[in-house]
Amino acid sequence: MIRIVVTGGTFDKTYDEINGRLSFGATHLPEMLRLGRSRVETTIETLMMIDSLDMTDADRARIVDACARSPETRIVITHGTDTMVETARDVASGVIGKTVVLTGAMVPYAFGSSDGLFNLGSALSFAEVLPSGVYIAMNGQHFPWDRVRKNRETGVFERI
Amino acid sequence: MIRIVVTGGTFDKTYDEINGRLSFGATHLPEMLRLGRSRVETTIETLMMIDSLDMTDADRARIVDACARSPETRIVITHGTDTMVETARDVASGVIGKTVVLTGAMVPYAFGSSDGLFNLGSALSFAEVLPSGVYIAMNGQHFPWDRVRKNRETGVFERI
Amino acid sequence: MIRIVVTGGTFDKTYDEINGRLSFGATHLPEMLRLGRSRVETTIETLMMIDSLDMTDADRARIVDACARSPETRIVITHGTDTMVETARDVASGVIGKTVVLTGAMVPYAFGSSDGLFNLGSALSFAEVLPSGVYIAMNGQHFPWDRVRKNRETGVFERI
Amino acid sequence: MIRIVVTGGTFDKTYDEINGRLSFGATHLPEMLRLGRSRVETTIETLMMIDSLDMTDADRARIVDACARSPETRIVITHGTDTMVETARDVASGVIGKTVVLTGAMVPYAFGSSDGLFNLGSALSFAEVLPSGVYIAMNGQHFPWDRVRKNRETGVFERI
C-alpha cells in the first residue's frame, strides 16, 4: 500500500483556455494510474495544488506532517521540480522509518510531450522496493535527498 | 548501465495506414526514453520484432543468449504480454547473477491511451534496484518470474 | 443543421487491449466535436459500425436511405476509405437536392497520429457551404463523387 | 493554392520546460498539415509569433500588407483569438478581391486537448470554397468579419 501525497507542481498544471494561462484544477493522478493500468494499492491525498516556487515553510511543514502521520510506510510525493530538493530535506529531518519518494514533471501531464507518466511509473516502483529514506525520482533515476540538485539550465536532476 | 533488449510485442506495434493493419516498424524505445527525459545509461539491442504469440523456442533461446552474453548485469526486456511468463521462465533457467526485468504494454505506445511509458519507467526503476533474479514488471508491480500469470480475461498480471 | 451519419471505418476503430485487435466500439464523434469546440448544430446517427471492405449492397442501400429521409439537407457521412467512392456513387444516384460529404481517416482517431480531427473539421465546413451534390472530403480537399479515386499505394485521394 | 500567414496566438504556443512558461518557437503548421495528410497546395509565411493581446497597429498593417501582396487569392491567417476580430476588420478594409479566413485555437496545438487541428481543417476548407471576403473560422463555423465577436466568458465565437 502506497500513499500518494499531491502538492501540485508542473505535473498537475493545466491550460485554462478562457484566460490562456497555466493553472491548477483537480489532480490528474487517478487518470494517470488508470492509464498505467496500475494495480498498486494507493491512497491519494491532495494536500495542496501550488507551484513549488510559491511553497512556504508552512506548506512544507504540512507535507512533513502528512508523511509523519501516514499509516502507509511507503509514500510518493508529487511536487514541483524547482524546490523539490528543499522539501526532500525537510521531510528527511522530520520523518523516520518510511520510504518517501518525491517526483514531478518537466512538462504538465495534460500536454502531449510530458514525462509525467514515465516518472510516476518510476516513482511508484522505487517506493515499492527502496529501504526507508527520502529520495528524489526523476529522469528514470533515484537519488538520496542529500545527493542531488536540479540543474536549472538543463532541467535535469544531477548527483552531487 | 542497463541493457534494453527489444523483442516487439504490443509495446512496439504501429498502425500501418496503407494496409489498415497493426504491424512492426522500428522500435519506439529511443523516443520513449527521450519523452521520459531519461538519464539512465542504456544500450538498446533490437533482437526481434514479433508478436509474442508467434515466438518460437528458437526465439526464446536467442533472448536467453542475449541476456547471458550481456556485459551489463541489469537488463530490461520489452516483450508481448501473452507469453511473457514463458520467456521469463526460460531466462531464469539460463541466466545467472543478473537482474532481468520483462515488461510490455496492453496498448501500443504509438496509440494515445498506452500504458507503455508508465511501464518503461517502472521496469527501468525495478531493474536499477532489485537484486539479481528474473522479474515481470506490469501494472506498476513487480513479480518474481515463478509467482505470476497473466489473467487473459482482465489483461492484468496477478501473483500466484 | 448538419446530420452526421456514422458507418464505422478506420475513423472509429479502437484497439481492443484484451484481444490485441482493432475493433469497433461506440463512435468517437461526440468526443471529437467536443475537442474541436464545435458549435455546429449536428445530429449524430450511428447507422452501422463496419469496415468499409465488409460493406454490402444492402449496407449501402441503408446509407442511401438514411440520406434520403434525413430532414437535414446537409449531411456528413463517416466511412472507411477503401470503398468510400463506391458508396458516394450510390448516394449520388439515390439522393437529390442535398449536400452530402463523405469523409474518413487513414489512422483511427483513437491513435495519436490520426488525421481524423482535421478531416472532420474539413468535412463539416465543406458540408456547410458547398451546393447540393455528393462529395468526398479527404486530405484537406473536396472532390465531386465522380472525379476521385483512392490511390491504394499512397493512401491519398486523387482527382480523376 | 492557399497562402497560410502565421502570426502566432495560442495555436502555436509551446511549453518552455526550462522556465515553466508558455512561449513561442517555430510554427507547428508544417507538422499539422502532415498530420492531416493535407494535399492542399500551401505556402507558409511566418510573419510574426506573438500573442494577439500584444499585437500593435503596426503588426496589423504588416498582416494587411502580407495579404495584399500575396500572389495567392486564397489565404488562411493563424491568429490569437483575443483580437482576431480587430485584425479581420483591418484586413477587410485593406484587401480586395481575395478570400481571407482567420482561425486560431483555444488550446495550443502542442497540448493534447487542442482544437487546432480541427480548426485548421475547417479554415482551409472554407478558404477553398468561399467567395472573396474576410471571414473568421472557429468552432466549426464561419462568420463574415463584421458579424462576429468572441464571447470572453465562454471562449466561443458568436454571430452578431
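To keep things simple, chains are lettered A, B, C and D as they appear, and every chain counts its residues starting from 1.
Rule of thumb we're sticking to: a contact is a pair of C-beta atoms (placed from the backbone, for glycine too) under 8 Å apart; a residue touches a chain by one contact, two chains touch by 3 or more.
A quick note: this is a predicted structure, and the numbers were derived from the prediction, not measured.
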Third chains touching both chain C and chain B: none
Listed chain pair A-B, A-D or C-D that repeats interface B-C [over half of contact pairs the same by residue number]: A-D
Centre-to-centre distance between chain D and chain A (centres being mean Cα positions), rounded to whole Å: 38
Approximate Å spacing (C-alpha centroids) for the pair chain A, chain B: 26
Chain A and chain C, separation of their C-alpha mean positions in angstrom: 44
Per-residue overlap in chain D, given as positions that touch at least 2 other chains: 106, 113, 155
Chain pairs that touch, as defined at the top of this document: A-B, A-D, B-C, C-D
Of all residues in chain C, those that touch chain D in their complex: 32-33, 35-40, 106, 113-115, 117-126, 128-130, 137-142, 155-157
In the complex with chain C, residue positions of chain B that touch it: 10, 15, 17-18, 20-22, 51, 82, 106-108, 110-113, 152-155
